[in-house]
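Naming follows writing order (A, B, C and D), and every chain is counted from residue 1.
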Amino acid sequence: MPLPADRPLGVALVGYAFMGRAHSQAWRTVGAAFDGPPVARKVLVGRDEEAVGEAAARLGWEEHATDWRAVLEREDVDVVDVCTPGHLHAEIAIAALEAGKHVLCEKPLANDTASAERMVAAAEAARARGQVAALGHTYRRVPALAHARDLVAQGRLGEIRQVRASYLQDWLVDEQAPMSWRLRAETAGSGALGDIGSHAIDQVQFLTGQRVSAVRGRLATMVPERPGADGPEQVTVDDAAWATLELDGGAIASVEASRMATGRKNALTLELYGTRGALRFDLESLDELWFLDTTVPVTEQGFSRILVTEPEHPYLEGWWPQGHILGWENAFTNQAHDLLAAIAGGEAYAPDFADGLALQRVLDAVIASDADGGRTVTL
Amino acid sequence: MPLPADRPLGVALVGYAFMGRAHSQAWRTVGAAFDGPPVARKVLVGRDEEAVGEAAARLGWEEHATDWRAVLEREDVDVVDVCTPGHLHAEIAIAALEAGKHVLCEKPLANDTASAERMVAAAEAARARGQVAALGHTYRRVPALAHARDLVAQGRLGEIRQVRASYLQDWLVDEQAPMSWRLRAETAGSGALGDIGSHAIDQVQFLTGQRVSAVRGRLATMVPERPGADGPEQVTVDDAAWATLELDGGAIASVEASRMATGRKNALTLELYGTRGALRFDLESLDELWFLDTTVPVTEQGFSRILVTEPEHPYLEGWWPQGHILGWENAFTNQAHDLLAAIAGGEAYAPDFADGLALQRVLDAVIASDADGGRTVTL
Amino acid sequence: MPLPADRPLGVALVGYAFMGRAHSQAWRTVGAAFDGPPVARKVLVGRDEEAVGEAAARLGWEEHATDWRAVLEREDVDVVDVCTPGHLHAEIAIAALEAGKHVLCEKPLANDTASAERMVAAAEAARARGQVAALGHTYRRVPALAHARDLVAQGRLGEIRQVRASYLQDWLVDEQAPMSWRLRAETAGSGALGDIGSHAIDQVQFLTGQRVSAVRGRLATMVPERPGADGPEQVTVDDAAWATLELDGGAIASVEASRMATGRKNALTLELYGTRGALRFDLESLDELWFLDTTVPVTEQGFSRILVTEPEHPYLEGWWPQGHILGWENAFTNQAHDLLAAIAGGEAYAPDFADGLALQRVLDAVIASDADGGRTVTL
Amino acid sequence: MPLPADRPLGVALVGYAFMGRAHSQAWRTVGAAFDGPPVARKVLVGRDEEAVGEAAARLGWEEHATDWRAVLEREDVDVVDVCTPGHLHAEIAIAALEAGKHVLCEKPLANDTASAERMVAAAEAARARGQVAALGHTYRRVPALAHARDLVAQGRLGEIRQVRASYLQDWLVDEQAPMSWRLRAETAGSGALGDIGSHAIDQVQFLTGQRVSAVRGRLATMVPERPGADGPEQVTVDDAAWATLELDGGAIASVEASRMATGRKNALTLELYGTRGALRFDLESLDELWFLDTTVPVTEQGFSRILVTEPEHPYLEGWWPQGHILGWENAFTNQAHDLLAAIAGGEAYAPDFADGLALQRVLDAVIASDADGGRTVTL
């Protein structure tokens, strides 16, 4: 599916909340930061005519629309970027793929495994037609994490044996924080596990290049009831989750996710321990990668704070001189760049929908293990 | 000078190198991030027709031009953003002000004091006509530094007695790094002192709210000769500079700037010590502000790592949820926002050209002190 | 059991390896650092006549002996400090208590629960006679951890919900590291779990003031075979261990222990998250306690690095002025001081043998859970 | 001057305040930590009979005395350790040397240059007789700093160009902190400069192996009057001091010392920037050395946190396993060990009295420069 010859690649974005804002910033910026095919921000799609109109003006989209199905019929739209709540992903993404569009779908792929399986099937069919179906685990495009993956792939850590991952936030510490759709199983699927634990698990697999083969899990709901619109309401998802993961390359990973970790704002932390070296990372300091190399003299060994802002580091050619740090949002621009490159080059893009489905199965296994008192569930 | 009634505020940007890229990103983003008057990126100006045309397309400007004087005559241009090398600032900024435009001028204001004085005069005349003349000491718009200034202004540090400031880079460590205009006195004015030491001194004055009243200074050129186009050439500016500053509020500040600080990439570090508290900051971790409050029990005192990403922090309403860190570039968007607010509200903008002139006089005093063996020079 | 009227309290130390050296340093130093009853280092006991003689001279003991039973009969010995390998603890400690001596027993209390139960019985009988039976979980006497416990006890963290504990070392990363008694189940009981995981679990209970009520656990042996004296030998203990602990106050703790965490030398890390505040600690920086207080304005919240060296901090009256940091060894002197105070004052000392038994039962439960595929084991 | 054949080396310590306590700990510990000649703590000397008697008992000295001259006549005293206030150093140290004793003299060598010169003459004469005259700049024996010096000496930093040193404390922040002898020029010589700035300057010379050849200085007294016994009294020494130092190897160092740096407790910080690498250190985390090596690939460069606790690190053979951190006091034991080795081996000990005199001259030059408005003073 070659690039359009006579016009820029047209993008439609569905959704304009937090993720929609971040993706808008990426599409607005990618052409200035990176070489690649030209892009037109054609249309922003939402349900509320007035609100989506205002958002389109503010976020820099040429048009707005309320009927995403109609948008899929437009010939000047080549890419559909799905930033809706999770339970709408499957319907929109599948329709977009069937309409011949490239798709970028925010994580989670879907709220349930059946939907995810249908999405994978649609993506496979689309891939045969030259379309790209990409999953938005954007943190893979944080330069420090991309660099970490490269170091692992180059063997700088040797064989990885132990991984520690956590994602700690604190926005539910207050017992009076109100009930919301994120705290109900029927709308959110799961709680901390699916929302942020999923990022941690995706990174474990991304960084090690290994797949989860078995899990043991535990979930907890620390504040079981919160103020709802009509009085106290039951929280039906987890506030915190723990798991140990066996990886098919032999490593063992621990994962902990929490929305109750007072004072930790957005702390996705990762530690990899291998036979030749080790790595540490914290998303709250996302330009830093800490690397320990056991091949230097023992008297000089220590974790090095690599400021991942050198021109030689991943994605840095698009940004600023060394030492000028990047923020959270830049990873979205990097993601847009990689997606455009995959579309232009006809290459595979990772993570794809199958990766999303595999991750969903790991999350399901954690939940199943917890339901069975913590026993091992094999994938 | 009211906002145009029927169209967005038109911006012309002169220059498209490093600073031009950063300013373009700011103008491209400000409307999505913040409320404020709508902006049109009308025209990018440069000397090389082809290059400026390509840059305009890439950086998202409607048009490009090579004759900045002609641009000043356009009625749809309201703001002129000057990102040229320093020796061109005076001519363009003064002409733009005289043409009735608002001006944002990158630092340094000028390479020499006489030019700076003419710019101040032009700015004063323009201010009487309702125009804004702003100086681009962008680091004042880093949220952590704006927050630091607020804490000082609120008296959380008490009376400030001692300040330590440094700006450390390492891009000249290699003796074979080639000669350039930045290393010649006639084009660059000074070296590390003017280029980065100026940021440190601006912050000292900004954060404390005090003005430099006397200085002692030292300059050094550690690698006196570098490879030029025609063989070895003399470096005629400083590689590193040191100063102690007396402030009119009674504090004493030390300042150190260097391009020879191996491994320090962009380390603008600031420490303020007052009778009630203290602050620390490092631009390489620009979302963090370290605050010590002596009014808490002594057993609980320590420098607190404040992650300056809460909605209540300066500028954060424009950005992402707590814990989602910002990068270097966001400060430019914050700057554009403040400039638009000043234009829309008819308010004063700081720093202005007079601040730039005052800073230039401090730099001159450091150089004069060094020339006199280090003796005190009073301002 | 009053203090001897006419002579210093006599101490006998059994064992002179790593722990014996550390305890010798404590007994040598305690009188200079703290007020308390005078102490005489009477006799060092070991099996090898020549070696124990040399050690006694070097470590500053008046005499040496090879028969610990004979030492128990000495009237000038009031305290017996047991620093032997774990499998000898029960016999010596029980005999010493029955001989009317105060006992300090290094952790672990014993290698098996039956021995531990007999020790507790002996300690209870001795306590009725005014004797002290103390367990050497020395890290409770690290000033930062004692201060952490105080902050929790004062309610500065509110209700604690989530705890993260790990103890990471790396001395088994090398696959060629030789077989030793520590790697055989019959001599060591367990591996990383019992050796260092036990410290982490003790701290979880000490800091929160809560007891473990249920556990889920996992163990792994990453290098199953190592070079022995007669060729490759099976490693029969864990290299790494993971657990989640339910505490009787409602909190949940995760614990991870490893000897395979490349680059982590002695990293006992602790994180406590409560409704009002949070704490963080790392034994590799043992003078620092990181405290976050949610009752300060949100714009000023952050983890504060408290340097626990103020005169008002626990144990600091015995040491140096503020900012003069303490090392690992000082905790042993603090422990000796507390033990002497308990003996002199007739007060209870914590942790005691019953604490050691309770901890052993937690470790057993972790092992049992792992053996059952990870399912919950209730205590 | 060979070691005594039939008895341990006898030590007399003069002074039992802060430094006397630290030196006592060193003499008490050195034999257990390190191999070396046996030592007897013979006598503690002070002016107040009762107080010195109590101190001797507490700190573990065999006897006490009030007449230091009489102690010098004792044949069983081989080493005299001078921990009195600075104005008494010269008289005692010279007499001890003339009496044939080895001498360890705390810093500063003397309060005035004339006394220091006489001490150097006495030390030279004594050296010809095989005696050691050592100066107590103990921080040279902090393992991380000794390791830093080794790395520099091995060329791991290349040619050093720029050094940054500071020593920041905060015990005079409170304006009501009372007057004391340390704040009067006649008793203390100088203030922050001589007390702590001297440590920073000693480290600059120690670490670089270069000597100060010229200085520019500034002094300030921020709180000029403090409560004295009879009402307000003038502070006649500096609260803070700044200097830039030219070194004879071509490097330039900045030095800042302060007793007004709110929240900094004992922050001797050092940064060395060379053509091949860089080092950073902070005495508040004294087991850590941060090393940056520019010879590794640029994508892996960063400051490495070396935990200086490996057996291969300086002095660590005397202490605990890797990761078991040392405190401030251990450096005194290391110093005693080095002194004993010098005595036993007939080797030179550094720093010696001549080093103390040279340092005093640097301090004098800083003061002279300040008095001359900051101008360069050449040494």
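We take it that a residue touches a chain if its C-beta (ideal position, glycine included) is under 8 Å from a C-beta of that chain, and two chains touch if they have at least 3 such contacts.
Note that the structure is a prediction, hence the values are computed from the model and not measured.
Colleague: Looking at CA centres, what chain is most distant from subunit C?
Modeller: B
Colleague: Between B-C and B-D, which chain pair shares more contacting C-beta pairs?
Modeller: By the number of C-beta pairs in contact, the winner is B-D.
Colleague: Taking each chain's centre as the mean position of its Cα atoms, how many Å separate subunit B from subunit C?
Modeller: Those two chain centres are 54 Å apart.
Colleague: Taking each chain's centre as the mean position of its Cα atoms, how many Å separate subunit B from subunit D?
Modeller: Subunit B and subunit D have C-alpha centres separated by 42 Å.
Colleague: At least two partner chains per residue is the criterion; list those residues in subunit D.
Modeller: Residues 264, 292, 301-303, 307 of subunit D each touch two or more of the other chains.
Colleague: Residues of subunit C touching subunit A in their complex?
Modeller: 157, 161-162, 164, 166, 170, 173, 175, 216, 218, 220, 222, 240, 242, 244, 252, 254, 256, 258, 260-264, 271, 273-278, 292, 294, 301-303, 369, 372-376
Colleague: Of all residues in subunit D, which touch subunit C in the complex?
Modeller: That would be residues 18, 21-22, 24-25, 28-29, 31-32, 58-60, 169, 171, 264-267, 283-288, 307, 309, 320-330 of subunit D.
Colleague: Where on subunit C does subunit B make contact in their complex?
Modeller: 147, 151, 156, 289-293, 296, 298-307, 310, 312-313
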